[in-house]
Amino acid sequence: MIGGTLDRTLIARLGIEVLEASGERVTARMPVDGNLQPYGVLHGGGTAALCETVGSIGASIAAPDRMAMGIELNVNHLRAVSGGSITAVGTPVHSGRTTAVWDMRVTDDDDRLIAVGRLTLAVREPPKG
Amino acid sequence: MIGGTLDRTLIARLGIEVLEASGERVTARMPVDGNLQPYGVLHGGGTAALCETVGSIGASIAAPDRMAMGIELNVNHLRAVSGGSITAVGTPVHSGRTTAVWDMRVTDDDDRLIAVGRLTLAVREPPKG
Amino acid sequence: MIGGTLDRTLIARLGIEVLEASGERVTARMPVDGNLQPYGVLHGGGTAALCETVGSIGASIAAPDRMAMGIELNVNHLRAVSGGSITAVGTPVHSGRTTAVWDMRVTDDDDRLIAVGRLTLAVREPPKG
Amino acid sequence: MIGGTLDRTLIARLGIEVLEASGERVTARMPVDGNLQPYGVLHGGGTAALCETVGSIGASIAAPDRMAMGIELNVNHLRAVSGGSITAVGTPVHSGRTTAVWDMRVTDDDDRLIAVGRLTLAVREPPKG
């Protein structure tokens, strides 16, 4: 049952909402509240999880017959956020036969850049059967 | 009320439990279940969030009169995990006056290395007042 | 004597030529020949050095009264190159009071993207005197 | 003629000397002089090139029948160096069938840690013929 599984996903927990998804562009939004550090600003790990989500979805769509797995993620945190939501837009830097690279730009509700990230993925044949 | 704030933290949501914390070493554990990708393995964003948590706690303890903020996180995902918990151990690579760097090693319950991460932090004077 | 020092720089050794430099954009070119791996393609370390050069120059120009020092560099190698030259274009992602982040895109002579890089810099007061 | 090719390598240009090389550990040294920034300290791009060299050699030895290509390099610069040489020691973090990850620690002649780096490599079947 997909629903049962989805309830146990990180995406559901963090409140990530995918607004747009293609092999050329993925946009997703995440609320700040609920994903805080103890002292009240967005936890950088939430930003990282949003970036990994966006890049993984995009690379998977771009390689429909294959399997894309994130192997390296990096994120630069540029600005603290204390409310509202953040939105990540991911675009492919590279879509190769065995690797893919996606760039993510993350903004707050005032369209200020709060982080950038890059995900390197291995693209493989899916397991048989 | 601290408790109210904590309920809204990413750390609480992901089920992260800090087992040990000093300026020389931080260990934290996170369950795999609840932090899944839709197809049933640990979401790499959970691993990233755990690494960012561990490095941030350690650098903050190591600089008690200052404020440590993660500015760059990178994580290598090495192995998929489908159950149990993962444990991250963070140690300082560098503790400077204005920057700090922490390395994290993440293992599963069978002590297999599933990820490594590195967090670069800016260390600053806290805001006055 | 500046000339004497320049002869001992990495930039001179690698044949890096800065084509354009401002606080908003830096372009530099490097020949492939001379910067090879033993088996005849461009050494990824050359690409990394070119990226670090471009970001450092840009961040230094953007903070004229301060000192910008690279603290974290990352580079994704996307495509092998065996001849001609490569060109890196750097642009600022973030120009803060104490940190800066620059993105670099590296192309070959046929304008194919061969690498992307990101440099995080600490921006400091220069030493007195 | 191998010699002719080697003269045109980045390794020769930067004066990199491989002191020890196995699939479990690679050590290489590079002089600071000649690899300077214009203002007289080691160029971070030199450190990056040394890290990429060490990781590439190690991963190639560890996968003798396959081909290892660096796909992502990251380096943290921790301390400026103005003379002598630097030494990088690389060890494998992961040696998989299709990917490898190597960690590098770089020290100066007084054994102070001046940088750490990590190289992610794709490991492939070599081209036929």
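Some points to look at:
Letters A, B, C and D name the chains as they come in the text, with residue numbers starting at 1 for each one.
One rule holds for everything that comes next: a contact is a pair of C-beta atoms (placed from the backbone, for glycine too) under 8 Å apart; a residue touches a chain by one contact, two chains touch by 3 or more.
Quick caveat: nothing in here was measured; it's all calculated off a predicted structure.
The chain pair with more C-beta contacts between its two chains, of B-D and B-C, is B-D.
Repeated interface: C-D and one of A-D, A-C or A-B share more than half of their contact pairs by residue number, and that pair is A-B. Taking the mean Cα position of each chain as its centre, B sits at the greatest distance from chain C. Averaged C-alpha coordinates put the centre of chain A at 18 Å from the centre of chain B.
Distance between chain centres (mean CA atoms), chain B to chain D: 28 Å. One finds 31 Å separating the Cα centroids of chain B and chain C. Shared contact sites, meaning residues of chain D that touch two or more other chains, fall at 71-72, 74, 76, 120. The touch graph of these protein chains is complete, with an edge between every pair of chains. Interface residues of chain D, counted against chain A in their complex, comprise 71-72, 74, 98-99, 120, 122, 124.
On the side of chain B, the complex with chain A involves touching residues 2, 5-6, 8-11, 13-14, 33-38, 40, 43-46, 48-53, 56, 69-77, 80. Interface of chain C with chain A (complex): residues 74, 76, 78, 93-94, 96, 101, 103, 113, 116, 118, 120.
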